[in-house]
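Shared between the two complexes below is chain A, which pairs with chain B and chain C, respectively.
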Partner chain A sequence: MPRTLALVGNPNVGKTAVFNALTGLSQSTGNYPGVTVDRKYGQLVLNGHRATLIDLPGAYSLAARSPDEAIVVDALLDQQEGEAPIDGLLVVLDASNIERNLYMLSQLLELEKPIVVALNMMDVAKRRGINIDAGKLSERLGVPVVPLCAHKGVGMEELRAAMSRMLAGDLTPGRAACVFSASQDEAVRSLLADLEGRKDSLGREVLPLEVFRVLMDEGGYAEKRLVRALGPEFGRFLKQCRQNARNNGSSLAAQEAKVRYAWVHEVMDYAVTRPKERPRTRSDLIDSVLTHRVLGTLFFLGLMVLVFQFIYAWAGPLMNLVDGTFAHLSEAVTTVVPEGVLRSMLVDGIIAGVGGVLIFLPQIVILSLFIALLEDCGYMARAAFLMDRLLGWCGLSGQAFIPMLSSFACGIPGILATRIVPDRRDRFTTIMVAPLMSCSARLPVYTIMIAAFIPGRRVLDGTLNVQGLTLMAMYGLGIAVAVPVAWTLKKTLFRGEKPPFILEMPSYKVPQPGTVARKVWREGSAFVRRAGTLIFAVTIIVWALAYFPHAQTITDRFDKERSQARALIAEPAQLKAALAIIDGHEAGAHLENSFLGRAGHFVQPVFAPLGWDWRIATAAMASFPAREVVVATLGTLFNLGGEVDSDSPGLRETLRNATWADDPTRPLFTIPVALSIMVFFALCCQCAATLLTIRRETRQWRWPLFTFSYMTVLAYVGALITYQVSTRLGLGG
Partner chain B sequence: MQLILTVIIIAGAVAYVTYAAFRVLSGRSSGCGCDRQECPRQGKRPSP
Partner chain C sequence: MRTLDQFRPRERGRVAHLHGSGVVQQRLLEMGVCDGADVEVLRFAPLGDPMEIYVRGFHLTLRKSEAALVGMED
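Right after this comes the complex of A and B.
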């Protein structure tokens, strides 16, 4: 029967790197704590033995407080519903932080399961003058200890051999050596006896180790779960047991830490030698600048300016290439497919729609590349440290920054990443504001508006591009709005003190090309897959709604006009121009009469104060389930409306030349309109998947409804103010 | 012929969007673009 093994350890010790190396999978890794917030499964086959390896989120101890730590404790105590019990543990320790890592190992040894210890980051430990005798450590712990440099693949063979012994059943549980006081043992026994009597109402048996955690972790996850299930009476009994266990001493948590660290120091005296004073490392030197209040903030801002400048500078030629490819494809289809409904669907619907979205692939790839590089080199933890001050102002801790940062790629992993936030109120506040961060799906909207309407001139002696600065401002807008929103939420719905922020600073390292490439590939392929599936299908539906009913009366009316023009105009060039105008009017009349056109006219008055016509309003409404749809819808609507210039068929040029239907001399898209569209999309929660993720994480419908409502109001008011102010400032030309 | 083909494609698109919405609503897809139960960005999705 296949066994189930768990991979455990402190955050950011390289568990996922070991997991990937053992299973051949490519799960996300990052050089900052909290990358893994849920279990990941992989299959392991060693010497004919099969096993399921579960990569658990990182935890500093079994005293669970945040949801990701609760997942670890539940898995290790075999409390996960529908999951097989854990047969053995692969514990990854950071050799360069051995003292803190041994603390959790002391708890894991008490689980009485076979353990293999992987002593990772031996190279970093060596550089810091820390020498660990793996043989002596193994002897002291009673389990195999394998020195490792997982990112270089050093020691993996030895690790596989040790794991193979565990799978063959050759390993016995290690030696737990922490001895707690008699009063604590007595309190555990009392609690166990009480819980034995409540087995029926609880519906399960409670293990001694779980009871120990309930006793020691005041206000922790294990206590909350039992009190919730058994009621306040049990809570009072537990309080009494704690008083007895404390025996007039310090808090139980402090007593536990004292006992465990005494054991840790005993083990270290036996197997570890290290310099008396911690040498100043290269990471410390870099940190003295990058985490400095002024210099660090300036570096952060400078880095962001550079990233957005590069996105513009590098993506331009590639975008033109994609644009050109779709223009050729459109021409080819026009040549091959005879005129009619199918050709319209292919050219005006699919190619204009999907092509309009795919053109932004280069920008998505470049942005993902920068995020992956910053994550892998270890800078993200420093950015979180710097942001602690800003977030502290609104009552959140720097811990909230990591989920917010993940939301820049996609809101869904960002919301899942809030599991590292221990306090429920803080976690919910972070969930509510995470969708305000500009995800990659907003990038196409910003880019197309900026490319079409923001002048491409350079400032500061030609060093900075205004378009790049505008893009950065749109990304900054999400953060700028998130701060007051979080402040308001923390003062009203989720009132509470700012929790302390403890974040481990990982060592800087050269980004691993493989890890970076995998992340970029993941983002790029997810974008292409979405364009090729959902956006593709939605585009067809939007086209159909914008094409039908295609009334014959309208066609007949314009056919009549064409006949009249042919009869009246003799000069071929003039006739061609007149026919082109009639074609454009016919396309516009069909579009206005279509199902989508009628719906658009119905909702347009709501959006009129934002400077939008019915086509922009329709595109915005169509993109509520997924915001990228707006670009595809605009492409389809303006193609069907006959607005495409045959010399420059790209959507950017089409939008630049678009005019109001009732006044062909008045440009539809002006700078105020473009800005109001960007602000609306920056602040609106147009993503059904994000809302469903909020429902799953909060387990209540009211929070996704609240998020959707407040963000929609915020988006409308923001777009209204932007349009009205910029128009009054004379930006409308 | 063109109209029949167009109607078939539209029906296919409607069916796909309905199917995708059902997968997200029933928790079988993360909806973030990877379209797999095991989201490669964050591991296994949370249980509903």
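Right after this comes the complex of A and C.
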């Protein structure tokens, strides 16, 4: 039977690199039941022994404060639902940061499971003058210690050998190394005895190590869970036990840390030599610029401008490529498939719809590439350091910056990333405002509107482009609105004191191409999957709603007009032009008579103050399940509307040439209309997947409902103000 | 007794006592900020808060309000 091993370690120790090197392409991800912490696992075959390796989330200790930290502890104690019992641990330590890394190892040794220690980043440690004698360390810890440079592949063979010994059952389990006071042992014993008596009401047995955590972590997750299950009477008993265990000394948590660090120092005195002085590293040098008062702030702002300008400039050629491919496809289908329902569905529905969405893949890839690079090189922690004070003004902590920034790629990973925010109120506030960040799915709307209607003028000696600036303004709008919203939420629904901001600043490192590529691939493929499933389905539905009932009476009426034109006009060029106009009117008449057209007309009065006609209203309505659908829907609507000039196949041109149905000389899209559409999409929560994620993370329906409602109101009001103000400023002329 | 938030950049000292309780104390402890730890203040963020320190061989950032809970030896 295959065994189960767990990969454990602090954050930023290169755990992912070790995991990738060991499991290669056999990785999979899943979810833990009840919570949504990713369960990452891969298959291992070592010396004929098969095993599953589970990559547990990074943690600094077993004192869990948040649900995702609890996953680590529960899995290690074999109490995690949906997780097989763990047969052994692979603990990754950062050799260049050995002191703090040994702290958690002292806790892991107490689990009494076989352990292999991988001493990663030996090269960095050596550069800093830290010398670790792996043999002596192994001797002292009683478990194998393998020196490693995981990203270079150095030491992987030895690691595999040590792990195959573990799988063969040749390793003795780790042993508790730290000795706590007699009064603490006594308290654990009386708690255990008490819980033994409550086994039936609890429905499970509580292990000594869990009891130890319940005792030591005041207000921690282990305590809360037990008190919730057993009631306040147990809480009072626990308080009494703590009083006895403290012995009038400092808090239990402080006593634990003191004992463990004393052990860490003993171990280090035996096996580690390091310079007395703080080594001046390359990271220090970089930080003296990047976190500098003036230079650091300028760099941060410059970086943000750069990212958005580049997304705009770089993606162009790639987007044209995608566009061209779909244009060819559409032509090919037109020549093969005879005119009728099928051709209309393929060309006007599927190809126009899915193509119109996939064209934005290059921009999404570039944006996720930037985010992955910043994450992997270590700049994200600096960004949190720079932004904490600023986010503090709306009651959030710097940690909220990372989920917020991720939300620019997609709200879903952003909301999932809020798990690193330990405080519940802070986390919920972050979740509620994260969808206000302009995610990559909004990019399509911005791009098409900007490209079609915002003049491509350059300002400031040609360095900045008005189109790029408009794009930045749209991203800025989400942030600007998020500030008062978050502030209000923290003052009302989520009142409470500010959560802590105690964060490791990892050393800068050169981003690992493999890690970055995996992240970008995940974003890109998720987008394509959405285009292939949800958007595909919506496209067909919207097409069908726009095509049917396709009344024969309308076709007959225009057939009659066509034959009249043929009889009256002799000159071929003139006839062709006349027939084209008739075709356009026919398509328009069909669309207006279609189910979608009728619904659009019905709701149009609501959107009239935003400057929208029934087609824009229809497109906005159709994109509530997934906002990127709007481009596809506009494509379908305006193609079917017969306003496509055969010389200009792009949607951009089509939109530029669109006019009001009742006044063909009046252009439909003006700058105010384009702006009001962009503002509406910037502020509206048109994403069923995001709302479902909020439901999953908050475990209540009222939070997605709340998010949806407040954002829809904001979007409408925002678009209304934008249209009315910009029209009065004369931008419409 | 001075507290850590009163230190200037490049100033070094040793932790004498950790005040406070709950989450803040817990986080500081598992990051190694406990009695006897040697600490060096490196810098303050552009807006004056948070601050960055060097402790137990790595870099840590914390707010001044949290550093105010760290009593330093004289």
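Please note the rule applied: the second predicted complex is superposed on the first by the 710 of 733 C-alpha atoms of A that agree within 3 Å, B and C clash if a C-alpha of one lies under 4 Å from a C-alpha of the other, contacts with A are read in each partner's own complex, and residues count from 1 in each chain.
In the analysis below, a residue touches a chain if its C-beta (ideal position, glycine included) is under 8 Å from a C-beta of that chain, and two chains touch if they have at least 3 such contacts.
This one's a predicted model, so the numbers in the text were calculated from it and none came from an experiment.
Residue contacts after overlaying the shared chain place A:Ile412 against chain B, while chain C stays out of touching range. When both complexes are overlaid on chain A, the residue A:Ile98 reaches chain C alone and has no touch with chain B.
In the superposition on chain A, A:Gly197 contacts neither chain B nor chain C. Within the superposed three-chain model, A:Thr693 lies in touch with chain B and out of touch with chain C [touch as defined at top]. Taking chain B and chain C in turn and counting the residues of chain A each one touches, the greater count comes from C.
Once chain A of one complex is fitted onto chain A of the other, the partner contacts of A:Leu503 are limited to chain C, with no touch recorded for chain B. By the document's definition of touching, of the two partners only chain B reaches A:Asp55; chain C does not. Touch criterion met: A:Lys40 reaches chain B, while chain C stays clear of it. Interface residues of chain A, counted against chain C in their complex, comprise 60-61, 63, 65, 96-100, 103-104, 130, 217-220, 250-251, 253-254, 256-258, 261, 274, 278, 283, 287, 291-294, 296-297, 381, 384-386, 388-390, 392, 398, 422-423, 498-507. Every residue of chain A that touches chain B in the complex is listed here, in rising order: 26-28, 36-41, 55, 338, 340-343, 345, 409-410, 412-413, 416-417, 522, 526-527, 529-530, 533-534, 536-538, 540-541, 544, 625, 688-689, 692-693, 696-697. Across the complex, chain A is touched by residues 2-3, 5-6, 9-10, 12-14, 16-17, 20-21, 24-25, 27, 30-35, 38-46, 48 of chain B.
Remark: chain C residues 17-18, 21-32, 34-37, 40, 42-43, 45-50, 52, 54, 56-63, 65-66 touch chain A in the complex.
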